[in-house]
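Report on the structure given below.
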Amino acid sequence: MSKITIFRQACKGVEDCGICIFVCPKQVLIGSDEMNEVGYLPPQVKDESLCTGCQNCMISCPDFSIVVEKDASKPAAERGEEDG
Amino acid sequence: MTRTELTIAGVGGQGSILAGTVLGSAAVTYDGKYAVQTQAYSSELRGGYAATWVVVSDEPVVFPRVTRPDILMAQAQDSINRFSHTLKPDGILIVDSDMVPTPPDNIGHIFRIPATSIARNRLKAPVTANIIMLGALCRVRRVVSREALEKAIVDAVSKEQEQLNLDAFNLGFEAVREPMD
Amino acid sequence: MSVSAHPFRRYMRNHVTRTTTCPGCGNGIITQAILRAIDELGLDMDDFIFVSGIGCSAWIPSPLFAADTLHTTHGRPIAFATGIKLCLPEKNILVASGDGDLAAIGGNHLIHAARRNIDMTVVLVNNGIYGMTGGQTAPTTPRGLTTITSPHGTLEHTFDICAMVAAAGASYVTRWTTYHPRQMTRSIKKAIVKKGFALVEAISQCPVQFGRAAKLGKAVDMLKHFKENSIRIDKARNLDEEALKGKIVVGEFVDIEKAELASEWARLKQEVMEV
Amino acid sequence: MGRGKKIMTGTHFMMGNLACAEGAIAAGCEFVSGYPITPASEVVNRLAKRLPEVGGIFLQTEDEIAAICSAIGASWAGQKALTATSGPGISLMQENIGFAVATETPLVIVDVQRLGPSTGAPSVGLAGDMVQVARGSHGDYQIVALCPESPQEMFDLTVRAFHLAEKYRVPVFLLADAFVGHMREQVIIPEEKQLEIESRKIPKGGNDPMDRQDFLSVDVAPMPVFGRGFKAHVTSSCHDEHGMRNLSDPEVMHRYISRPIDKILNHRDDIIQVEADYSGASIVLVSYGTVGRSARAAAHLAQAQGLRTGNVRLITCWPFPDREIRQVAESVDFIVVLENNRGQLYPYIKAEAAHACRIELLGPETLGQIHDPEYILARIREMIK
Amino acid sequence: MSVSAHPFRRYMRNHVTRTTTCPGCGNGIITQAILRAIDELGLDMDDFIFVSGIGCSAWIPSPLFAADTLHTTHGRPIAFATGIKLCLPEKNILVASGDGDLAAIGGNHLIHAARRNIDMTVVLVNNGIYGMTGGQTAPTTPRGLTTITSPHGTLEHTFDICAMVAAAGASYVTRWTTYHPRQMTRSIKKAIVKKGFALVEAISQCPVQFGRAAKLGKAVDMLKHFKENSIRIDKARNLDEEALKGKIVVGEFVDIEKAELASEWARLKQEVMEV
Amino acid sequence: MGRGKKIMTGTHFMMGNLACAEGAIAAGCEFVSGYPITPASEVVNRLAKRLPEVGGIFLQTEDEIAAICSAIGASWAGQKALTATSGPGISLMQENIGFAVATETPLVIVDVQRLGPSTGAPSVGLAGDMVQVARGSHGDYQIVALCPESPQEMFDLTVRAFHLAEKYRVPVFLLADAFVGHMREQVIIPEEKQLEIESRKIPKGGNDPMDRQDFLSVDVAPMPVFGRGFKAHVTSSCHDEHGMRNLSDPEVMHRYISRPIDKILNHRDDIIQVEADYSGASIVLVSYGTVGRSARAAAHLAQAQGLRTGNVRLITCWPFPDREIRQVAESVDFIVVLENNRGQLYPYIKAEAAHACRIELLGPETLGQIHDPEYILARIREMIK
Amino acid sequence: MSKITIFRQACKGVEDCGICIFVCPKQVLIGSDEMNEVGYLPPQVKDESLCTGCQNCMISCPDFSIVVEKDASKPAAERGEEDG
Amino acid sequence: MTRTELTIAGVGGQGSILAGTVLGSAAVTYDGKYAVQTQAYSSELRGGYAATWVVVSDEPVVFPRVTRPDILMAQAQDSINRFSHTLKPDGILIVDSDMVPTPPDNIGHIFRIPATSIARNRLKAPVTANIIMLGALCRVRRVVSREALEKAIVDAVSKEQEQLNLDAFNLGFEAVREPMD
């Protein structure tokens, strides 16, 4: 299983940003109600087991707030890395 | 002396400067007073600091700067760090308690208003925190009249946002338990 | 065991703890694409000099990147970079700045650097508006769009920056949106490796100034717009003007080899001094 | 006339930059070109909206150089023209400020000063361009610069800037700063008939410039604007009275330089405005712009404490009010010059005062702020100890 | 009965009795082409405002033409002309200036005016060098050519000005040499009539600075060179890069209709004021 | 080293502009960018030829803005850099002159002044940019400017300009004019070891600017040039000692403005050179540049006729030699300031002299010429009548 | 027959210019030895009868020094107006 | 007094300034004298005016301007109009008689040299008129030595042009019938 780490203090919130949620092909991430220090609402992981390790959220997060460690056992194609 | 000095500060995007404008405009346009509003902000549009200073007076204002405010309205922790030391000895501090969890404890009068949560939870409009704070200010100390402020708010926002902002003002007004005057 | 910090933190200055952009701003995506390109190429931050102008996008490398970073005046980063490259020909020069910076006030340096084919990578962030100064029309603002300086709709036509830079003589010209971070990364890698002037036009969302103006909504709405309206250059070539209206043509437009200025100087110095 | 109200008569709580924009509209300005820059953007933002409403045009140019060039072009096309920027833009405009001077083009340039040098701190006001506006272009020349202390004066002096620009065929600077540009205060906009509005004179006729004197008159030559058959020849190369290029006659060169300067200096009494209040004073505070408000407050404080302190505020900073300063110097003991920069006008003031009285420069506690009146008073007490 | 003066003398200021160019300079041919175009269109000199920059070519209209003539600063004529056109939309604006003026220092105004598609005719005199200042490299100097500032041969590539201005958005783009005065005249006529930004690139001989530098000899040698190396665009389209090396492609490159800025403003003012 | 001789030791009959170019090469300059302009073109024309011979690079840029920007870039890349132009180019460079000052970049800027304003008369020398070079960019700052009177000084002061630029991390102007730039005269180029040549200090090491002080030292901070792992952060936005942008702390703003100014003013004694010869004189002629030769000739004439006349020539014009002028003023009766413009430095000189002696400005018979010594003498006789 | 008029004082001389001679398809013009006021050597007409009235010299003269009045009786084609 | 002042003037393209350079260079480099050369020209490269002034002296030159020349060498009518009135009362005027058909008659010493015709007809090189004039000057008044001038000419021109220019100098030298000294 891939591992998702969210750096809550770096995040600028799903209200105005939320890009991670948008680019996730599996709806792994959802919003939350808990503010960080600067008053933003970072995302939370709904179900890590759904994560394919595509790293879309990581690569698209403008604030370097998410790291996804891939499940090295799966081939890239299966991870579904998008290449639109 | 009729001169009241206010500092309203936050980070970019919180609307601190707009709050000051509404205040000054209320004083001049609807309360027949004199007011000068000045401002400072860093270049980041969001997240940088933003501050505005308002002098309200019954006479024309000669010196326009606020050096020792009677009132500091702080919308972020950063604002406290920057400005709380400038407050007059018996000055009033009004904070958005969501953003300023630990205000300094050496201040005479301090009011904690959870403006961001109110805005977010009750109004579903986080951007109205500034107007909530203004409502609180109005209750804490009548620098300008409530009526004037309400009219100035209506002037400042679009037709669709009118009621939302008046509601915010009201919520802020009511969030103050023990006003000063 | 979870990671304790983002892996690219090692490319950033320690004391800079937070980006300066608004929530959802595309600049961060581009920032990451740049760092990922460097990372994947296995290069060191000390192999680079980063140069930027003035604007939100100009803050991409400055002060964030733990490297030599030159934050210049509005519109001039390419001119500064030209002097640097000629004196440090072995370094990679990467310019990152906004469309206003590089194509409005800085347009002349852009086309002349392309003409000279001086070796540098220019990441031009095209968010269609002036972000930092509060939402004024840019030469990239779509015609008809209402901005703070065109309250009745922009009357002017829009630059096709890639076409112009290609006509001016660049070696490598490409365009992607922030919805294409992987492709953008790949193109930045090619741009860095290319010996010559390389332009990466990065179409980006400015939810605060542009989103509001174009009523395109928030960051994700704009990304959705990019997703739905992007079309690859190979497909676009077969379509007529009508069909391309409102589309964002993405892909590689130019990828050629030609004499590069800094190398030419090295050769000339050799020749003249050996006579 | 369109639906837009040209003159927003009434009382407003208005930002200085918007008051400036309204002043331009009120003065009849119908062409504005500009490029966004903090802290001047609000001037052009507002004008972009307001101009089409009153039949005017706003052009956002590719840079500040194009902004001033197109404004000069518009002025020659017969329009009252304005451009607005801040220090970095003024720096870029320098070459073509010289062009406007050399071709005697009416033009209003708004400089909302910010803390410099270079990019500096864009939203912080500091009167750092005081000499730049007068000497920043190459060669010898004379412009007019007016220094507002309040949003009200942002309006009033913008109207006056057009008046002087048109009357004397000269670029006129409104030399504001971020502090007053972003300041909001009461602004009273009068009715149209109360405004002093002037338009340039144009020649009586004749379609050969060799039969006219279009340039280099110390009495201000009528301006042969384009499009009316005047067949004007306009060049900022050295030229004669007809506007014809002459690169060889030293006498023509002498006139080319001197006449446009003397045109302004000869009318200095009409142009120069100084707010003076120092009768009976032995100490006088000399200042300009927003610092003037600190000075006035300090003078009140000092008087209250028995110090005979007067106040002189330069509303017109260029042409430099040399005689006015001389007059002050010759009637008091001590001049304290208040500037919130490192003393840009100080040498010019000192040159006219040092022969007659003691003179010192006093900067603010922190550069970029206007002086605290208490601080002024404390420092004066030290100085006179 | 022979004529007592050249018929175009009537378009010139009486007191200007002699052109300021060197013997054999191409500028005079272009001057005549401009006047002939106006003459053949039956227009009056008072229908025009002529604008120029600084350089030998900038002296084409100034002070020669008996009309409103604005002789501006180096590189800026198009920026001045933009202000004039917007305020006098019913007048024809004709800019005549050099390649250094319009494409080196003035490059940014050139591309932005093309983008805006503001109605004016720009006659860009391309003599491949800086004439007035004594023979320095221009962005149009052929690569390899020795000039006073490239004594070891110009290392930089050359602008294809027409291609760039076309990419920037102009309505009408054409190129001729001084060996093609009739075609040039015809194109200038079309350019004047065109509602939009029109560029006429006029390849010209500077026998004094360029002829010397390129060892192309005197004026007639250069004209001969133009004659022998010009190739029409319709023929050029079928040739590859190799075959086009050293050739001057002449003809009309762009001739389209699109919204023009001064007219758009007229429309907008109407709309806003009538509301 | 290549085939090119770096230092053309020997005696030459050489044009001032070429002497300047040779001075640059002799001082070790290896990067020059420029854009042609009369009357400065010969400087870059020569350098375009000479630089490749000594392993350097010449870049002809698209305009003067690119010229100064690429020169600043080259300086940060570790090279001694120069750009040369005339007034119109200086005007265009103003914004980035400010950048060089704000980032404390060593740079030599040659201004071969021509008659202005604007296009003016390109080949005629007139010292019209005297204040422009010091105050032409926005904001508050301090540069160094040297004024040659002969082709020999075009060489000597160019070498010195590099010396000062590198020593103090500051842009230094060689403020020549068309007259001396195009003048040919004997120029003696010494041997290398006789030249005073200095290169900037660079930091001892450390790859985090937060551990170093790269900027804002009044003692001149070592310069973290690019490409050596210093990870320098360079910005002309308001910044702290580490170079980090800071747009909110007023104290940082204060230091950002003041420190680079004080860096120069604190070393003014090392920088300022004044040629003074007035012992026993009651009248002193103060001048600079080519006018200095008129002054010297006039002083000789006057002395021959029994007038006790001395001579002071400002070789360094900026930082302004205030103390030196004060000293003159306090020891003579009458200062006559000779300038061949409308009196650009006059206010600065008068400010330091008016308290102590009589002072007058004397322009030439015709602007654009240097004064005829006979004319000076005749006018002085009138003045003292 | 077409009529050629040369304004000798305006001409800058066949030594450095001579464009008129070059563009004439019929060698109607030749050089001369007689300087004008400014020291240039204007061309002279060798044989006006050869002139086709094409006006090439007139149109190409940079100094407005030649006027050719066409022989109106001949059609344009016959005049050989060059249109390269 | 050893100071000699000369004005050499013509129109652009005639090489007046080069003539002055050769003169000054000869004085400094080969005659061990001091010399200052200054110049003026209009922006037209051809046809505009061009003038150069040379001061030759046995001592260093303090004042570098020529105000009242001892010698005026005029290559065009325009030069006469501009400069003949500046000539010293007993000054010398040397004209290219092809270009200055009617020199003023109120001048003490006047020398007419058909330099342009000589250059064109005898040397087939109109551009050498300036060197012919210099040859004439050398004969009229030995401001610098003939040898120095010849060496300076060789320095100033390309190898291929050397003999042509020495011939021109010689023809000019011989065109003067009655030298002054």
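Labels A, B, C, D, E, F, G and H are assigned to the chains in the order they are written; within every chain, residues are numbered from 1.
Here, a residue touches a chain if its C-beta (ideal position, glycine included) is under 8 Å from a C-beta of that chain, and two chains touch if they have at least 3 such contacts.
All figures in this text were calculated on a predicted structure; none of them were measured in a lab.
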Via touching chains, subunit D connects to subunit G in a minimum step count of 2
The pair of chains with the most residue-pair contacts is D-F
Subunit D and subunit H: spacing of chain centres that average the CA atoms, whole Å: 52
Go ahead and note the Å separation of the Cα centroids belonging to subunit B and subunit H. 83
Would you kindly tell me how far, in whole Å, the mean C-alpha position of subunit E lies from that of subunit C? 32
Find the geometric centre of each of subunit A and subunit C from their Cα atoms only, then give the gap between the two centres in Å, rounded to an integer. 25
Check each residue of subunit A and list the ones that touch at least two other chains. 15
Going by the touch rule set out above, which residues of subunit E reach two or more other chains? 18, 21-23, 73, 104-105, 107-108, 112, 132, 134, 139, 152, 265, 268, 272
Which residues does subunit D have that touch at least 2 chains other than itself? 38, 52, 62-63, 65, 88, 95, 99, 118-119, 122-124, 235-237, 247, 369
Would you mind writing out the residues of subunit D in touch with subunit C in their complex? 35-38, 41, 44-45, 48-49, 52, 58, 60, 62-64, 88, 118-119
For the subunit C and subunit A complex, residues of the former touching the latter: 2-3, 5-9, 18-19, 21-29, 31-33, 36, 178-183, 185, 207, 218-220, 223-224, 227, 230
Could you list, by residue number, the parts of subunit C that touch subunit E in their complex? 104-105, 107-108, 111-112, 115-117, 139, 143, 152, 155-160, 163-164, 166-169, 258-259, 261, 264-265, 268, 271-272
Where on subunit H is subunit D touching in the complex? 40, 42-43, 48-49, 82
How about subunit G: which of its residues touch subunit H in the complex? 15, 35, 37-39
